[in-house]
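I've put the structures underneath this note.
Okay, so chain A shows up in both of these, paired with chain B first and chain C after.
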Partner chain A sequence: MKTAREWKKYFPVFLMLLLAVIPAFVTGNYYRTVCCQAMLYAIVALGLNFIVGLSGLMTLGTAAIYGLGSYVSALFCVKLGWNPWAALIPVLISGWLIGKGLGYPSLRVQGVYLSLATIGFNEIVRNLLTNLEWTGSGTGIRNIPVYEIGGFAFDTQIRSYYLIYAVLLLFIVIAWKIVNSRWGRAFKAVKDNPDALEVCGINIANVKITAFTLSAIFAVVAGAMYAHFNRYITPATYTTDLSISFVVMLIIGGLGNFWGCIYGAYIVAFLPQLLRPIGLTYKLIYAVIIMLLVVFFPNGIFHDIRRYLGLHRVLKKGGEEG
Partner chain B sequence: MQGILLQLIVSGIAMGFVYALVAVEYTLIWNACGLLNFSHEKIIMLGGYVFVGTCITALGMSNIMSAILTIILLGIFGALIAVIIFIPLRNQTRLIAVVATVMLGQILNEAAVLVWGPVALMPKNFLSGVFTFMGATVAKSYVYIIIVAVIIIALLELFFKKTKPGKGMTCVSINKTASALMGINVKVSIVITLILSFMICGVLGIITAPIFTVKQQMATMIALKGFCAGVIGGFGSLPAAIAGGLVLGIVENIAGVVLPAVFKDAVAFALMILFMLFSPKGLVGVRDHVRNLQENRKQKKGKVNI
Partner chain C sequence: MSILLETKNLTKRFGGLEAVKDVNIQVKEREIHALIGPNGAGKTTTLSMINGTLRPTAGEVLFLGQEITGKPTYVVANLGIGRTFQNIKQFGSLTVLENLMVGGMSHYNKGGVLHMLLHMKETRHMEEAVEEKAKEILSRIGMEAFEKEYAGNLPYGRQKVLELGRALMGDPRLILLDEPAAGLNPSERAEFVEILKNVYESGIDLFLIEHNMDVVMNISHRITVLNFGRQIAEGTPQEIANNETVIKAYLGDRFSEGKNRRG
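Up next is the complex of A and B:
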């Protein structure tokens, strides 16, 4: 009989197997679309985890980065006729540039000011996307080509699902490697004790900028996937509310909890859809539920439920004895 | 030409005072509990809806009575929110409180649609009409905004300098622990702050109703630009916030004419980011820098003379 701790090792495998078989149970294109959406959110949340979860910086401008990814990819494909895979190169470059660009102000402004400044960034981007002619202004961009491998087009929901699933898998591996690397430990140290970090000879400025760059790259790739999956993008998608949702995913999953990003993303993507049958008041109820979750489970749902039930303490004791 | 310039400057000053009030209101809560109220754009909206939708339209009250009732109601609501959200969350990680206030904003937003409907409301015969002088045509509402803002700022200044709760709040903003030890009730201070701040939001909602009309997004831009004004001025002090607001209001209005209209809203954020990069303390920082330069120059001159 294996102990809970030994089973825990296999948790990631179970989770990914579960995600792989979901389309068999979830029929209907609508819910499959929501599943794809949730996986894209999970990619963004994994990236955001570096800044918000590990480094403890509060950014609320992720939707703008996500949106820039979508727009760069869509514009290169639609206006210049590039292959969607080739368009990933400008997307990655733009992500790197945005990450660097946002990282620098984050050295100047601290705490809540950073969140306001990044909300400002989000609003600028959304404003420009809505008003500029060549981004299609308010109506957005239509007829974006889909990804294709040797004539096999990812054009149906189920095909897109497995494409996004593969990308999610790739990003989970990358993020896992980063979290457990020198970088990941440096990110955690920025939150816990920046002074000690400097004493160790690590440049805090570089660490913060690295966190922003990594997170921006995750977000732009997810954004590009979204553009080619949805095939139609408008600036109305990339609002500050979406940025807030990304942070809510992290909080629901537990700040700094790696696997929490993924189930947080699923909860945030599915909750509004499950509440939709209620009718007019569903958005109100959604906001109330999220607020209560945030106020009463600030360390993540599962963590706090375990704590309220007293399970967490038992586990900790067991750990100490072992 | 002169008329247009005057017109732009008057409306710029009026918007500047609106931004300044928003910045002042941010600063109040920040000083009292170290949190920012991210829902306040929706509270300004609530002020507008209660004023036009409930007091004037549903209850059929006169404009002045409605304004007074709105401000009182929002004050009560502020006390309620202080007890429900701000007092329990004041010791939590700030991110949690930020998200909680954002969600409060969304709740208010959705509730407003359900209660007052999705159609924009417009107060009738309220601060409408224009003044004409020196060839300039200025909407009356802009002039009233300036008057009301000056009155509010003067009252706030009096409250902080002359009354006991006001002095207590100043102490709390400087050092929470020490003021708690001195017998100042920090929780009561937070409640008073929230009441004041929500009342200011109510006033903002009322006076901007004729300009933006009462709708869900009426305050989104002024709320963000109020923060820009705070950063441009230098966060944490009342005069700096006012200076920042005025600078932003005038610059933005003139930029709206010089640059394509698309960039009007982006100017505020661009200005804020410039200030963050080059003078994180805002105009206060610029002033200190200039003073330092002058002093250095004086000292150098002194040395040469000796």
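Up next is the complex of A and C:
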């Protein structure tokens, strides 16, 4: 009989196998689209985890970065006729730049002011996308080409699903490596005590900017994938609402909890769709469920269920948890 | 003996208040130097100006003959000046071992994220090296038993020791300690003094602020006394214990007169 700890080691494998076989059970195109959406959200959430979950900075401009990824990729393909794969290069560059650019204000502006500044950023980007002619104004961009490998086009839901699945797998590995490295420790240290990190000889400006840059790169890649999966983008997608939803994913999964980013993304993607049959009030019910989750499972659903069942060591993480 | 750390006319004004005025301290190599003084004398302010947390209004700080005035804290730390805090500052959500590993990050474990992802093997080696160093420090500070414990769960005394351990991880030349023994009970204090002596013997010089006279008189070679931001005395523990001005600053005029009559 294996102990829980030994089983836990295989959890990532189980999770990825589960995600791999989901399309066999979810046959409708509509729900398969939601599955793809959930995986894209999970990529963004894994990136946002570096800022919000680990470094403890509240940023609400993620949807704008996600949108920049979509627009850069779409514009390069539609206006300049680039191959979607090649367009990933400008996408990554734009992510790197915007991450650095957003990281700097985070050094000066803190707490709730940082949240407001990033909401401002989100609104500026959304307004620009809505009003600039060359980004297609309010109607957005249509007929975005799909990804192709040697004539094999990722043009159906099921094909897109496995493409996004592969990208998610890649980003899980990258994020896992970073979280469990010196950088992961540095991010947590910034949250716990920036002064102490500074006397350890580490430039906290560098650590914060790195967190923002990583997060932006995850978000722009997910954004680009979204553009080529949906084949049609409009500025209305990239609202502050979406930015808040990204943070909600992290909170439902438990701030700083690695696998929480993934199931948090699934819950936020699926819950509204599952509640839709209720009718007009479904958004209200969705909001109430989210609130209850936050109140009763503040450290993430699975973490707290284990805690309630007594399977989890109390006070596992620092003094803040009881 | 050459001079390790020197301050020249170090001054800090907060608006109209002169928190520290014209302080000249020379910390010599192979010396434990203590900075004492009543509450509000400007001790912590002086320490913060040395390690770059506060920018001096005037004056200079020299470390090994090199000017470090107003340099960012992390630069000063990398030059070889470690620091611990009066009110504990550790990383509560990291384990004891991880706390130490963060302390050694800038020395043993450099490189950006991309570099790290592209050089997995090198990364693993560095990670092993820093972990080994952390374990060595753990045994030096006598905390092997707490290796996997979260730092936030440690008792107060242990957290203080951990902070010292973290400072040691950067292989410093000098450690600035801000009231290391504050809040420790007598037995913890004795243990801490032993660790400090051990650290000193390993070749690291210490500059400490301390209120507990048993600690100060026991370990320091030289003492500087501050009062209302001014340097009022400097000398060996014996000299300071018998110094008129110091006794007056700590206990008031009456006691120093009484001492005169008796002497």
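Everything that follows uses one rule, which is that the second predicted complex is superposed on the first by the 309 of 322 C-alpha atoms of A that agree within 3 Å, B and C clash if a C-alpha of one lies under 4 Å from a C-alpha of the other, contacts with A are read in each partner's own complex, and residues count from 1 in each chain.
The working rule: a contact is a pair of C-beta atoms (placed from the backbone, for glycine too) under 8 Å apart; a residue touches a chain by one contact, two chains touch by 3 or more.
Everything quoted here is computed from the prediction, not taken from an experiment.
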item: Partner chain(s) touched by A:I251 [first = chain B, second = chain C, both, neither]; value: first
item: Touching partner for A:Y232 - first (chain B), second (chain C), both, neither; value: neither
item: Chain B versus chain C as contact partner of A:D192, first or second or both or neither; value: second
item: First, second, both or neither for A:Y308, with chain B first and chain C second; value: neither
item: Chain B versus chain C as contact partner of A:F11, first or second or both or neither; value: neither
item: Partner chain(s) touched by A:I290 [first = chain B, second = chain C, both, neither]; value: first
item: Contacting residues of chain A [partner chain B, same complex]; value: 52, 58, 60, 104-105, 108-109, 111-113, 115-117, 119-121, 123-124, 127-128, 131-132, 241, 244, 247-248, 251, 255, 280-281, 283-284, 287-288, 290-291, 294-295, 298
item: Touch list for chain B against partner chain A, complex; value: 30, 35-36, 38, 85, 88-89, 92-96, 98-100, 102-104, 106-107, 110-111, 114, 224, 227-228, 231, 235, 262, 265-266, 269-270, 272-273, 276-277, 280
item: Chain A-touching residues of chain C, taken from the complex the two chains share; value: 51, 53, 72-74, 77-78, 82-83, 85, 89-94, 98, 101-103, 105-107, 109, 112-113, 116-117, 123, 126-127, 130, 150-153, 163, 166-167, 169-170
item: Chain C partner contacts - residues on chain A that touch it in the complex; value: 174, 177-178, 181-183, 185-186, 188-189, 191-193, 195-204, 210, 214, 256, 315-320
